[in-house]
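Below are two complexes that have subunit A in common, paired first with subunit B and then with subunit C.
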Partner chain A sequence: MTKTLMNRIVLTAALAIAYVGVPLLLGGNAYVLGLIVAALTIAGVAVAWALLGNLGGMVSFGHAAFFGVGSYTSAVLAMKLGVPVFAAMLLGGVGAAVSSIAMLPALRLRGPYFALAILAYAHIFQILATEMTAVTGGAGGLLSIPRFPTLLGFEFGEKLGGYLIVLTIVVLAAFAYDAIRRSTWGLALKAMHDTEVATRVVGVPSTHLKAAMLVLSAFITGVVGAFNAHFISFLDPDYAFSSGWTVLPIAAAIFGGYRTVWGPVVGALAIYLVDQLLFKPILPHGHQMILGVLLCAMILFSPGGLMPALRRRPVKENRHAHA
Partner chain B sequence: MTNALDILTLRAGYGAINVLWDVSLSVETGKTTVIVGPNGAGKTTLLRAIMGLVPATAGDIRVDGQSRKAMKTWDRVADGVVMIPEGRMIFPDMTVEDNLMMGAFPPGCRRDWKRNKAMVMDMFPRLAERRGQIAGTLSGGEAQMLAIGRGLMEQPRVCLIDEPSLGLAPVVVDEIFRILARLRAEGLTILLVEQNTSRALKIADHVYLMQSGKVVLSERGDRVDLERLHALYFAHETAA
Partner chain C sequence: MLELTLQALFSGLLAGGYYATVAVGLALVFGTMRVINLAHGELVLLAAYVAYAAETNYGVNPVMAIPVALVIVGTASAIVYALLSRINQDREINSLILTFGLGIILTNAILSIWAADIHSTSDPWFQDSMVIADTLFAMNAEVAAFIGGLVLMAGVWWWLNHSWQGRAVRALSSNRAAATLMGVNPRKIEILSFLIAALLATFAGFAIYTGKTVFPALGHVLTVKAFIITVLAGMGSIPGVLIGAIMIGVIESLTVTYLSASLQELAGMILFLVVLFVSPSGLFGGGRALAR
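On to the complex of A and B.
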């Protein structure tokens, strides 16, 4: 059996379980379903973060900004202007993408300097959300943000509905990521990591491509943030721009395998669910410590993360290991 | 007939350090123009300025009579000004075939990329044999062939070639120059930078000698006297 066929079967099975199996098995278990929704929310940001890192070659410490801008844009549009929730969610992504345009000058920076600049940038938006009281409600936050509506008799406002929405966002984001990676653009972006001068010399508009990846990553993160706002129906600046929205996705992506498309998703589900269902009952305070140890162990034993470690078993011959 | 490329009193450099001092030269369409000169003369900087990798602070760069000074590097490539850089700059982690595909990145080149690839493979049978190999594992000569092949994938109107013989064994240098002679015979417009003067002169229609950021000699290829060129070439270095 070829590797691509194998991958397709695994992916199809995983999607079938996610769309049919999970609702059937856990549809009644609101607690676990809620945890899975939270894990997928992190997964969505993790995919966006890995997309920027792998394709754009940029390490971001500022994805909380895009998450927060997306959630506030969507919440405010739905509350103050009566925009339908699904449309507002997409506009939340647009809002985050627009906010990332202000970040474009930082593309001149590289490596740690870009990471630090974007970290500082994230704070600007948190301050804006706190100070622009008239629009955002200030530090008090926004209460009773409209939930997802009932469409075709299905209650998207409930836990199961939310699960299906966030699952779809994550799956679409991962598919988009995969499609870009396989395209000529993806090849050019990969080439840029080796030597940016050489890619320019062959006619690649490298600055434009990097900018496009930043905007796309911000868009995805904004949509996920917007989803979260309508799902939990509450926002305040400390929560929406919390550094947790940066740290957890990075940890998830590294744990799952940030070089792969599905690694961040698997990583987010693994660390969040294991943490909440296994470690939290044992160690109510400081259960994150175990997570830290696990992450260190993963880096030691499989620096590429969980996905490459799982793949190594069935397929010995691995010519495309660089993927 | 206008020249393929005109450089007019060009100044360029790196920040506070200016390298090119009012360089003027022309590349005739369909001809091979050679720039020779010692290390540090500004030859590579000139090519980089023509590509827009180094900003030009004064003067002009014209392709077929039109100024290209304000254009982005990638737009100049799409416009047909192609550089085969010093040190090859192939993409080491990609296969030979993907490297060639990268050469066809400008939208105008993508349409014909299969035909151009067949042409390159025909010109370099060694690349055809190694199409699936990771480019970082190629020998120096093969890597140079790949760099030239990648450049040809960009459908050049003007091809800037920077020291293709650098670091190669004499037999491989022979092979590279045979290829350059063939490209010249096919009518490609070439601007070649080379330190191997005797080899380069054999395929030159026109020769420029650069020293310390200036053009100090401009002569038709068949009129250049190697002795005199070498005397000029080395005299300035010992004097300075």
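On to the complex of A and C.
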């Protein structure tokens, strides 16, 4: 019991710092705040990726597809149909969720087959976005996408406003991930991870549960993508469907620990900030190499990620505890 | 119209030759280790860049660079194996992510050494075109790569079917436990499969450098293409992989000729998804590996 209490206190303190401390301290430093917003954008996708990987047991190499579809859906709705930006952002998530329905047949594939089938989807969506010039503006992209509005006298279109929005998205996504993990669904998914056949025999609709995780993961990624579109106010297919939206979140989730709720968030902040502040100035080309090294080192030396590795020191835990 | 189609079919056939050498390497490693080496395309790329470095820095004919490339790619492949064999927990997911990470490292190493520019050989012989029939054209390099690839694959095919070690590779692929009981040393055979894959990758890298163009992002594209081909062929046999590779090559070149070059990848991807959903054991059956 004391452990959950400890966790609550740490979480509350972290949230207080994130919502009050960071705006007060860094509110004026547009550069660092911009980096943090970008890191949180990756964190949002990383949480969605981890949700699918941990609960659904599926490695995706195609989350860029959901990110891109979400960003385009939202941008086009706001620009062409005048949908209010916040509503468009949520609809961006819905759009990504709908696009994930096209991937449901891939659920019966396992391991590398699923991972690469979803990568194929991402490529197909990118090509479609480039070719459907009438809606998406083609390779030239969309310029001056509406920014977030000013609500109750607060400018959400500014860096600080963007920070608060993306922070809230990430926190809600992590809470949703946590809630599912604790629910009976989470239990069923964990059982499925151990032995899928036995779980199906006792009457768990495993395919439906996996489908639900895929759609939810797509929704979260889509909302994050939509946020990004309105925050930077520009989109083109190569950017919106960039493999970076797949690689960075995977590196973040693996680094932080994709079987934990907050690991992907911590991982994203650590990896992105270190990459941008430390390695990019040293190695202007190919600084992503460091991500590869981190990814391999984590898999080889601490496959559970950073969070469990840090926690393992003081308390001896059951090493096979996952999901 | 007919001439265009024939030329497209011919170019596709030639491209299929080197696609197949990439894919056979991937399938061989999958057979022995049950791991898709997502860094395989990057190994091909590495060989291509060794040929490029030899040509531009030392003025050597790219053919002369093959032995050096073999050593470098073989070493890289052995390192991939050494790291992969250390994974013992959640093998399926972790080995995918590990090789994915290794691919990122290789791509970025190439990017930081040779920059993102597109390169191709400057030796005129490779680029010269050869007239096959009155309207069919091909570059010398393409024809050489196709014939070389066929010979190499025939060699590997013979080796798999007639040598003790080749049989051990197949035994390990079909039943690991039984093969081990029959006196096959799995580690030896696994590393052998990685070395043969490196040999094929070196050849493919050389073929791409002389007949096509290379750039750092190509490695990833090649891995995906090789995977698509093995899915089409059902991981089973070398002739199957060759047919799958030629199919992809032909479909791509027809797409480029009649639709648009930007749709080239799309055709292969859609075919891949259709096959995965309709017949997950591949077009030519015998895909026990897939069903497992």
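Quick notes
What we mean here is this: the second predicted complex is superposed on the first by the 294 of 323 C-alpha atoms of A that agree within 3 Å, B and C clash if a C-alpha of one lies under 4 Å from a C-alpha of the other, contacts with A are read in each partner's own complex, and residues count from 1 in each chain.
As a working rule, a contact is a pair of C-beta atoms (placed from the backbone, for glycine too) under 8 Å apart; a residue touches a chain by one contact, two chains touch by 3 or more.
Since we're looking at a predicted model, the values are computed, not measured.
Of the two partner chains, neither subunit B nor subunit C is touched by A:M79.
In the overlay built on the shared chain, the residue A:L300 is in contact with subunit C alone; subunit B does not reach it.
Within the superposed three-chain arrangement, the count of touched residues of subunit A is higher for C, of the candidates subunit B and subunit C.
On the subunit C side of its complex with subunit A, the touching residues are 36, 83, 86-87, 89-90, 92-94, 96-98, 100-112, 115-116, 220, 224, 227-228, 231, 262-263, 265-266, 269-270, 272-273, 276-277, 280, 290. Those residues of subunit A that touch subunit B in the shared complex are 184, 187-188, 190-191, 194-195, 197-206, 322. Residues of subunit B that touch subunit A in their complex: 51, 53, 72-75, 77-78, 82-83, 85, 89-94, 98, 101-103, 105-106, 109-110, 150, 154.
Subunit A contributes residues 53, 57, 59, 61, 105-106, 108-113, 115-117, 119-121, 123-124, 127, 130-131, 243, 247, 250-251, 254, 283, 285-289, 291-296, 299-300, 303 to its touches with subunit C in the complex.
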